[in-house]
Amino acid sequence: NNDNGSNESDTKSVRVGFVTSETGLGDQAFNDAIHSGTKKAETALDNVKLTVIEPGDAAKLETSVRSLAREGNDLIIAGAASLGDAVLVVAKEFPDTFFVIIDGDIDDYDNVQSIKANEEEAAYLTGAFAQLYAGEGNKIGFIGGMDIAVIKKFEVGFVEGAKAVGGTEADVLVSYTGVFNDPALGKQTAEAQHSNGATVIFAAAGACNLGMFEAAENIGFTALGAATGQFDKSDAIVASHVKSVDDLAESVITRFANGEKLTNGIVKYGLKEMGVDFRYNPQNPENNIEIPQEIIDKIEALKQQIINGDINVASFIE
Amino acid sequence: MSVAIKTENLSKKYDSFFANKDISMEIETNSVHAIVGENGAGKSTFVNMLYGITKKNYGKIFVFGQEVDYKGSKDAIDIGVGMVSQHFRLIPEFTVTENIILGMEPGKKTYLNRAAASKAIYKLTEEYGLMVNPDAKVKDISIGEQQRVEILKVLYRGSKVLILDEPTAVLTPQEIRELGVVIHKLKKMGKTIIIITHKLQEVMDFTDNITVFRQGKKIGDLVTKETTPEIITEMMVGRAVQLGGKSERTLSKSNQSALTIKDLNFVSKQGKRIHDINLDVKYGEIVGIAGVDGSGQSELINLISGIYKGHTGDMSINGKSVEGMSIRERRDNSFGYIPEDRHKEGLILNFSIEDNLLLGMEDKKMFRNKYGLLHKRAIKKNALDKIHDYDIRTTSESKPCSMLSGGNQQKVVFAREVADHPDFVLVAQPTRGLDIGAIEFVHEKLVHIRDQNKGILVISFELDELIALCDRIIVMCAGKITGELERHAFVKEKIGRMMIGQVEENDEKE
Amino acid sequence: MMKKNNKNLLLNHQEYFYTIYSIIGALLVGSIFIVFAGGNPFVTYGAMLKGSLGSQYALADTFNNALPLILTGLSVAFASKVGVFNIGAEGQLYVGALFATLVGLFLDLPPFLHSLVAILAALIGGAAWAFIAAILKEKRDVNVVISTILLNYLAIPLIHYLVNGPLRTDGLIVATDKIKESARLPFVIKMPFGITTAFIYVFIAVVITYIVLNYTAFGFKIKAVGSNRFAANYSGINIGFLSLLGLVLAGSLAGLGGGLEVISRQYRLISGFSPGYGYSGIPIALLGRRSPIGVVFAAMFFSILSTGAIEMQSQGISTSVISVIQGLVVLFIASEFVIRYLIKKIAENRLVKKEGVKE
Amino acid sequence: MNIGVLLYSSVLLMIPIGFAAIGATINEKSGIVNIGIEGMMLMGAFTSVLGAYYSNGNLLIGIICGILGGLILGLIHAVITVEFGGPQPVSSLGITLFATGATSFLLESIFGQKGSSPKVNTPKTSEFLEGIPLVGEYLADISIFIYIFIVVVIAAHYIINKTPIGLRLMSVGQDPKTAESVGINVWRIRYIAMMVSGGLAGLGGSFLTIGDLDRFQENMIAGRGYIALAAMILGKWSVKGTVMASLLFGFFEALKIQAQLSDSINIPIDLLSLLPYVITLIVLGLFIGGATGPKSLNKPFLKQKYQ
């Protein structure tokens, strides 16, 4: 960044608002992740003041976004696709406010950036890793929360990745808990998958993930986490699918606070843009977990292929 | 003579109203003591205090010379006082044994030996001659048997003083006679008995001493042997009373029928049957149906009113067949109906008097205004008129019926059902639980309706009432008609025998 | 003399006083939680009031949020008049919303007519869902509390299934497409206030319910059945039919709430769109003393609580405090008797003291 | 599909529902309606984590705290409804609303984090059972809650049906006036029943946090409290029936999991989730019908002094 820009913005204070989805904070998933990113930015930058609002229910999404805009926030981060309708309306009312919507698809507004993460790309790597780590002929498992589009993207990518390294007969068990808030059900689902032969399980099921980790610790299978990695949640997590909405939020705020003009329209964040990633648990060595170098190399290679466009991961959603 | 129970200035206040005021009296040990008085005189309140389920406001209670201050009925039971309340206190889903031992279960706290308890209860039934099956569920036994269970409950607790609050209100003459025998036996065994009843015959037959209550106060004590029903009545009401309506009736019986029933057969959900009922009520007569409880009267009236469905045979009211008619259609056909249980069936207790007087007539044109909405003024006028005509004692038509006394509640039902001069009136248990003054009022009204050339069918367990009131009595037993008598041939004993199914051919021809 | 008058006033309006005591009690206990969370109750409640009544925007939001609450409160109140405890308003609301959405998506009608048909569909949807519970009660005597709880638990995932499957829109949200413009209710005051004609329909529902209950023979019968089924039966009222109809009509009120939400605010059916409007209807009915007019005020109060929650968050107070306060309000309403008793005791003590002084 | 796993999983999923359903049966037998089971479970789940957290993973303290959490809410419900005759469905609904807010709130103010509590490490396996052949594998893995559950079932069945206390409990729910007239302290029994019920609901919640899992998550009861009510009615208010009905619900949940893993069954999860509710409604409609609870259910019975 050039000096002029930052000097200017250092003096100018910036107000940032973050609206969570209806689920709110504590979801063990993206609301928490975005929140931590915004917090980091607030702490790091002196000129940023952050306000967080949890609408609590679908009826108050619009009110929440509007109230942030009215209070004079310059940048508003809307944390989920469900805020799309609200942003559509409020962004028109407040043309001087800039909106960033995660998982949104608004592309014709001057003051709205829609972030589209390519979860399937990282899910592809996660699936490939799971199959490689489990070893040939062994089953792996995917546990989703609600059977909805966002989660389907994970499933589709995961299965495709597994097949890519394990051949068409790669056996992926797919289960959905049907809810996001029931860790006990997550645990039972994981145990059922394990008893059906899964030795590596990946879950993208909100708080149900906690139950899967629990089962992994008790029984001793390998867990793969989601969100920002969830490495602090369990030692059984060897690696994770990461959707870096925390970093995304942090970088968006930082750039905005530094006076950079954010691009409008849909912005894709894939492996290339580091919007999503596949990461290993930094505690693996302490946990005496060793990942064969050949697997690491293989995953790295796949990653490069995706980034280069040699592999095109199918997305559930177009 | 020792004293079992003594009270000094015993008083109970509800808000600012005294249900009992300064009652001081003594009840001799090993006597049968009656407490009489009009509805609301405070009899139940008084004995409830003796038994510890109502807390006194002030005054003293002594039991066998010892002053007591009950925290609850448990204390009363412990000191030897037991009570059978006006409304049975039994749990229908429990067995006889369970009902009796409840609250004082034999054996260890950690194990309830039902079989042993049942044996012990069986012994108790034999000892006092109160036979009832210990293992039967209470909901399956008759009212008379239930009463025995109530008495057994008290005896099981070793009570030396037994309080019976209106024990005979729902019993048949036979059952009342049996109760008399039991009371006699208990007295012989050394118990003290306090009995509340509205039936003076029982007072004369069963008791040694009498205390009369009026408006929450004690009016006086009497010795049964030295008094007469007339004296008691005068003390209770403050004047002489005549039952059965005015003595002379206009002879107006027509030969047209208000109600005709032909070959009626029916089986209820509980399996109760009624067989081949043929019955005819003419305009200008009061027909009574006598019978012990469960003889099929309830089924019969519920069939006539349309509550029960699914009979065979024909019924017509005021010349119209009721086949396929709804309850409302029957009522609209100039038919008034005073049901058995005024609290449950006759009134909506939390509705105002005004609304209760509208119930069943809310669809009538006269209560609609020009927009089709309820005509509030007409409804109010209707209420005020009926309150006046039927002498319903209340301060306002908008008071809920729950605040009225039993007699006044019955007047509300009466007013609603007969004020519009229906041609046929069906009346069930018209005076149950009413005091003598109220009974007089009801009887007068019924006879008055009859004299206007209307047909009336009355069902009552009170044989005396039927005899006083009816022009003709039909006797039912086990779902069948077992006899029919005209007014001049009413003989109590004979009807009583018919009620238990002893049809004596010879008698019939007399 | 003055004292005496005051006392009379208190006695006559006691009913309303208990309601107010309940609210005050809940707010007092709620402030303990706020202090515990490190907040200042005055500031927090101030923020709540500001966020719900403090500006035109806030007022508009509070007003709009109250509309579905009025209808579910009315639904519960109406059902209770016929003696049924309708926990099922939530499910009925969902199905009402579904029906309105279907009309909004798939029918092609001129603007005003389209919205009317959608409203009709919402009424029918709510009624149909309630009908299941009603018919199970009448034919098989199934406990309504339990069947309506089950039907709530059925309606929400059922609609989720439809909205996530056959009716799903493009994109990542779990919702249907937007309904056609012609089915949407017109604005009376434009965005950002967003007051639509929905309130007119709510108003009509309140007025009709009020008139039916108080000025019609039908309402009289409803109340008779609710107060004493036996006596109502003996008087010739068709109790089976009326209880059934009572619950079905209650269902249609809740269904209307769901339908209006779709055609006046959200414009599509979103999985899990209701924040428990149906459940809130229960305390609202009680707080409003089961009278249609009372329900309107009670719903406004609940709306103030939940709308104000957004502003409270700016004060650093978590939304969970709002649920705590809502729970406390319900508990205090349920404890009305405690309050009644305490007031009576206090009055008695005072009387004793006074008389003591006299003597 | 592995039948053994299916059944075992059914049992585990049944346990929390079962505890709560037995509790609900007890409070309904005493004549009190309690639709606040959900909230009591949630509170129990939370307080048991709290207890275990501050005692360094002491399971017993966790369990006791869980019971207390539910019990205190049961007591509040009892004060409002038993003591002062408040409307029971409303009061218990308030309990659930309150518990939902209060647990989230306390979670935040005590642990300083939203959504889920820190992990508490309670001893999971009954190590001494590990050696048992065949079943040992399972027995060792399950928490002592299963054994507590068995004890609770037997005790509840015995107390209700074979002791004087049980007879009194039922009499109080059938006809409190009659019970009072024979010297039974109706209110005391209702208080106790409500506290036992709350305690059992709390225990059910406790199983979810420190028995099955190791932490608390907001709203983690996920409707089990309401399912427990349905189980009580399906079980016609008998302990045996209630346990069977709870097992049925556990079975549906387990089936939902297993069906997805089976190749032959191809029903979307969203439809599978509807199954328990649909089946319960059908069973209620076709077979159970007018099973009515105790006669005096939901009817306030006031002490003299309040009348």
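Should a chain be cited, it is by its letter among A, B, C and D, assigned in written order, with residues numbered from 1 in that chain.
The criterion applied here is as follows: contacts are C-beta pairs under 8 Å (C-beta built on N, C-alpha and C of every residue); 3 or more make two chains touch, one makes a residue touch a chain.
The chain list, named the UniProt way, goes like this: B = ABC transporter ATP-binding protein; C, D = ABC transporter permease.
Please read all numbers here as calculations on a predicted model, not as lab measurements.
Which chain pair has the highest count of C-beta pairs that touch?
C-D
Just grab the chain with the largest centre-to-centre distance to subunit C (ABC transporter permease), centres being mean Cα coordinates.
B
Quick one: subunit B and subunit D (ABC transporter permease), Cα centre-to-centre, how many Å?
Computed from C-alpha means, the inter-chain centre distance equals 46 Å.
Would you mind pulling out the distance in Å between where the CA atoms of subunit A average out and where those of subunit C (ABC transporter permease) do?
Comparing mean C-alpha positions, subunit C (ABC transporter permease) is 37 Å from subunit A.
Between subunit C (ABC transporter permease) and subunit D (ABC transporter permease), what is the separation of their C-alpha centroids in Å?
The computed centroid separation for subunit C (ABC transporter permease) versus subunit D (ABC transporter permease) comes out at 28 Å.
Spell out, as numbers or ranges, the residues of subunit A touching 2 or more other chains.
Correct list: 24, 147, 178.
Which parts of subunit C (ABC transporter permease), given as residue numbers and ranges, touch two or more other chains?
In subunit C (ABC transporter permease), the residues touching two or more other chains are 157, 160, 164, 322.
In subunit D (ABC transporter permease), which residues are in touch with two or more of the other chains?
If we look for residues of subunit D (ABC transporter permease) contacting two or more partner chains, we find 104, 268, 270, 273.
Report the complete set of touching chain pairs.
Taking the chains two at a time, the touching pairs are A-C, A-D, B-C, B-D, C-D.
Please output the residues of subunit B touching subunit D (ABC transporter permease) within their complex, sorted ascending.
For this pair, the touching residues of subunit B are 51, 53-55, 72-74, 77-78, 83, 85, 89-91, 93-94, 98, 101-105, 109-112, 153, 157.
If we count contacts the way the header does, which residues on subunit A are in touch with subunit D (ABC transporter permease) in the complex?
By the definition above, subunit A touches subunit D (ABC transporter permease) via 24-28, 32, 147, 173-179, 181-185, 187-189, 191-193, 195-196, 207, 210-211, 214, 218, 233.
In their complex, what parts of subunit C (ABC transporter permease) are in touch with subunit B?
Listed in rising order, the residues are 211, 215-217, 220-221, 223-224, 227-228, 230-238.
Would you pull the subunit D (ABC transporter permease) residues touching subunit C (ABC transporter permease) in the complex into a rising list?
33, 35, 76, 79-81, 83-87, 89-91, 93-102, 104-105, 108-109, 223, 226, 229-230, 233, 268, 270-271, 273-274, 277-278, 280-281, 284-286, 288-293, 306
Could you pull out which subunit C (ABC transporter permease) residues touch subunit D (ABC transporter permease) in their complex?
For subunit C (ABC transporter permease) paired with subunit D (ABC transporter permease), touching residues are 33, 36-38, 85, 87, 132, 136, 139-143, 145-147, 149-151, 153-154, 157-158, 160-161, 164-165, 279, 282-283, 286, 318, 320-331, 333-338, 341.
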